[in-house]
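The two complexes that follow have chain A in common; it is paired with chain B in the first and with chain C in the second.
Right, the complex of A and B next:
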């Protein structure tokens, strides 16, 4: 309960002001396409030069939590996921927004983020020493199996057809091999300069999700002479709270998966949302509603990606090892004030660390309040006439993919992938499995290479990848996951005999 | 008509001449970008942000410097971009990492070499160190080398990647001891390589002095040797590899500094070469760098030129057999 005694620090006038500024600024930065949480926090670091360590970290902590949640805004309203963490949010959230339920989706996403986030930070507060040892247990072989576990859900993720899901996942895996391989030092599939660094993930996300949608909107604009808009009814916050309490299953699955995955250095945030989404669907009696604008999809995805924020800082604070790119930026923020994270940081600089953690806790709550307050207005975007909305999304997509690295190469990648995805969607493929393949490909590949090099110097790959309790548990999960998706698909195929309806669309 | 044309041409020429002169005299009259070939939050990015923070002061450059992150392919993407697409007008600089870009250009497959760039000044030097976990049975370099000699190719040693300082240091150690390590370029860079050592995934590691220093402060690792010519002020008790009997020089030290593209007007280069070292030496910069545990080494343009040339020779020799 030591952290309670440092709560005073957060309520000092300047600290409180920074907390507000960090939260509001973070929400805006997070909602801006192309600005990932990592980039947002890096942009704020220079501002902390002029602040005391505690004040600087309050700003960074509040900004980190709210940028992660802010990414949901553009994912829901524009189908542009701000970061890999928000991919799963876009799947159901955007469908809801298209029905005019954007405000409801935003309410649920902020509330779920808040709940997940607070629980994640509480884990950080109470279980840090325990969790630190756990985070260290994952070596290359385990991370390889975790990535494979992620690959096993590709087939069932957001696809009407299992086979098309797998195919689109394979396209993603192939795309992920483009670029220079960092471990073997080999160039792969680099035909133009823009590809020398591989496919950058954020422009790819923007292209794969936003561009097909924009093209669809333009196509629609041409057929109908009348510009149609949808009604955006107002939603009472109270109703959203009630709805959240009715979806405890999705909420708890999201929070638990987010916290566990967030802890694992190097894999963490990118896949937490997607894995939670998939599991929430597996456990739901209304499986088929997912992907059609089901609120539980938003709840699971958003609670997971914010639950990951707290635990992802465990390896940083205790072992001085940043587990995610954002944590690496925060490490910079600590170092600049002469604070070296390590197991003794809680004894040496309690006021700094605890105020930082408390600011994340309060930041989560403030984020929920501000988010909900603005949701009703933000949701009115859906009211915009479709051609204008399409043009707006296109501008944001171009701006967002350029701003990642100030590079036209990224814009070209974004457009090429977007047009390719538009064609694939016409044939019933969907973007989510492709993106999952794109994200997991390098994780699986590089950890396999890494592991094999270590294995070659030890007892060989068989012993390295297939023995040890953690490996066995993960392999069992992989097998179970594959068996489960085969079983459900066989079942569905034999009972319903649904013809391939997607292809006809 | 003819005279009019002549006049027009003459005045156009005059304008362009005075424009070039004015360019140099007024330089810089707008903010300057520094391309960093690594992601936000990496050590290079972090240090670049600190050392450029006083650029806007009137007695330094009078214009602020902003950072452009162009990460990818171990830095190759950013430097390729800088060598081929950036303007040679002094308004886009780049941070360099030695030995990375020189080693990459020797290995080939990139569009730059040391000749594509003009150094301005050096701000930092982060030597590579050899580390083992806190519970490791190795206590000295000798222990580690004995193990490597007894078990050729079995001493797993993590590092941040291929052809970076860590890799160069590992190659030099192998050459010096005539033994074989198993260098593991770790996915996720220096931080992941450090984690591999702390978690016991590998027997030893080569890592940045600044990170290893912090890890030792936190009680997680032992530092066995520094790959530099002299001991470092942050860890005075750790011997250099030379002292431990290994013929390893400072070729793997990670030098960081600023450079411009070849073809940048000489007047601009001269101005930068004069002012940038002052920027690095500014009291606010050195204070922050020290607080962050980032070792500084300010070198002038001429010193950097000599250092680049020396590295190129050693690295060509070292990488010839690979």
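Right, the complex of A and C next:
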């Protein structure tokens, strides 16, 4: 119960103000179609640079929590999921809104998100120290394999093509080696002056997540996207609370599935929402009502995608392996404050980590309150025209990437990476494994160098890196993550071939 | 070769070329100790790049629709504004002036409202001024970020 002693930090005036700002801002950003939670958190990181580590993490944690929940607003009222995690919410939520039950759907979505989110954060509180204790047994070779596992898991699971996912991870790992080698002082892959300091994480994150979205908006051209929000007649919050307590089956299915999926690195909220929705339908006696505006569909999907948030930070804080792309960006936020996640994080920075986790607990409650009372208003703001969004994100990306290191080289790298990522995305490559390679590359490189020195003094690198039960288990997990992705790719390919061949007949 | 296959072959070939260059440099540059980790990465990089290229050349790359000509045409003006802003204007004209011009230009180019209406031009100018005032307050006054001044601010 160590976390209880750090609750005071959350109630300090500045921390509380940041929590409010992060929650409200996150709800608005989450509700804005075209602005993903990952991009929102990436754009916020430069602001945290000027805050203390605790304050910065409180802002990022609040934004992470509420952008996922805020995505439900546009999913329900506009039928445009604010984030991939809200795809399943749109299926029933929008049908309810069309029937004039928009407020009911929004209430249920935020209440379910709150319940799922609180349970997810409680899991984070109780599982993280246990895993951290276990991780103390790890040596450099194990930590090297864990970093590689982080890249292969996200590379395999976050991409539609596992070759392209792993290739993205490799590109990220290579980009992380650009610059001067810390030990030997040698220059590596410095082709232009801007690269002499290496690739700074924050400008890279902004470029990789924000610039492709700006270019996507440009690619739509001068379209007059008239989006009509549905009117939201009032609905009693108490009735929604009562309804939620009567839908415990959907709520528990969503929460359990979201929590489990959150613990698996790389899977993310989209899968959590869709799997929970599917399972809630399978276990429901009213299966046929799903898709026609059934409240249980909204409850299952929203409880799952927010229950995922807390557990996705468990492998992040203990093993440096993020559970979702947004958690990967959060890892960048930790690193710029000099906080290196790992087994000793609770010994070295207990105040920062526990205050951050506690703030997420309070953030879930604030998210429910603000969400319920400001959802309809947030949906109006979310209708901001695409040209303003594109121009605004471009300017924010420019200032955000400059403000970290006050270097034009960082801004140029940000833009170059962003344009490159936009093109790669068009060919099926994914930003998340590339970012993870970029973030975990230096960590893997350091452990590899440390391990190589130990190996040279012992029985050589082969014995040090490839033998021992823990090394073998970790290598098996790396191979299994690749094999699983290969198998699902093959399965997907055979599914798409059958209808084609049938059509040919 | 179909257009779709060609669309996948070109980036596949470029990535393979980068992977080969990285591998070559990793195994030839000195001191060798500084390139141990890049060597391991480059082996996986080149292996996957070869696999990706073979799939693209064999017409097996199905993920990703590629760049549509219409999309490329639409994004070109915005992309040019971005490049001018980052590689020239921000330093030559000053961060705030160039960002204001970039915001206004991008907004005007992509705004579906008619370009002949004075009312719409005034609206664009007002929104640009309001947004940039907020950015100035945030970065210059609150966060105290020193930006390149150039000819202006």
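Simple rule for what comes next: the second predicted complex is superposed on the first by the 269 of 505 C-alpha atoms of A that agree within 3 Å, B and C clash if a C-alpha of one lies under 4 Å from a C-alpha of the other, contacts with A are read in each partner's own complex, and residues count from 1 in each chain.
Quick note on the criterion: a residue touches a chain if its C-beta (ideal position, glycine included) is under 8 Å from a C-beta of that chain, and two chains touch if they have at least 3 such contacts.
The structure displayed is predicted, hence computed values, not measured ones.
By the document's definition of touching, of the two partners only chain B reaches A:344; chain C does not.
Shared-chain residue A:387: touches chain C; no touch with chain B.
In the superposition on chain A, A:458 makes contact with chain B only, not with chain C.
Residue contacts after overlaying the shared chain place A:236 against neither chain B nor chain C. In the superposition on chain A, A:218 makes contact with chain C only, not with chain B. Within the superposed three-chain model, A:398 lies in touch with chain C and out of touch with chain B [touch as defined at top].
In the superposition on chain A, A:171 contacts chain C only, with no contact to chain B.
Using the contact criterion defined above for the overlaid structures, shared-chain residue A:183 touches chain B and also reaches chain C.
Touching of chain A by both chain B and chain C, each in its own complex, is seen for residues 183-184, 406, 449.
The residues of chain A lying in touch with chain B in their complex are 38-39, 41-42, 45-46, 49, 136-137, 139-140, 179-180, 182-185, 187, 193, 196-198, 200, 265-266, 315, 319-322, 325-326, 328-332, 335-338, 340-344, 405-407, 443, 446-447, 449-450, 453-454, 456-458. Remark: chain C residues 7-8, 11, 15, 19, 22, 25, 29-31, 33-38, 40-42, 44-45, 48-49, 51-52, 55, 61-67, 70-72, 74-75, 77-79, 82-83, 85-87, 90-91, 95, 99, 102-104, 106-107, 109-112, 127-128, 131-132, 135, 138-139, 143-148 touch chain A in the complex. Per the touch definition, chain A reaches chain C in the complex via residues 47, 50, 159-161, 163-164, 166-167, 170-171, 173-174, 177, 181, 183-184, 186, 188-189, 211, 214-215, 217-224, 385-388, 390-392, 394-396, 398-399, 402-403, 406, 408, 411-412, 415, 419, 423-429, 441, 444-445, 448-449, 452, 493, 496. Interface residues of chain B facing chain A in the complex, by the touch rule stated above, are 39-42, 45-46, 49-50, 53, 68-74, 76-77, 80-81, 84, 107, 109, 153-156, 161-163, 182, 184-188, 191-192, 194-196, 198-199, 201-202, 211, 214-215, 217-220, 288, 291-294.
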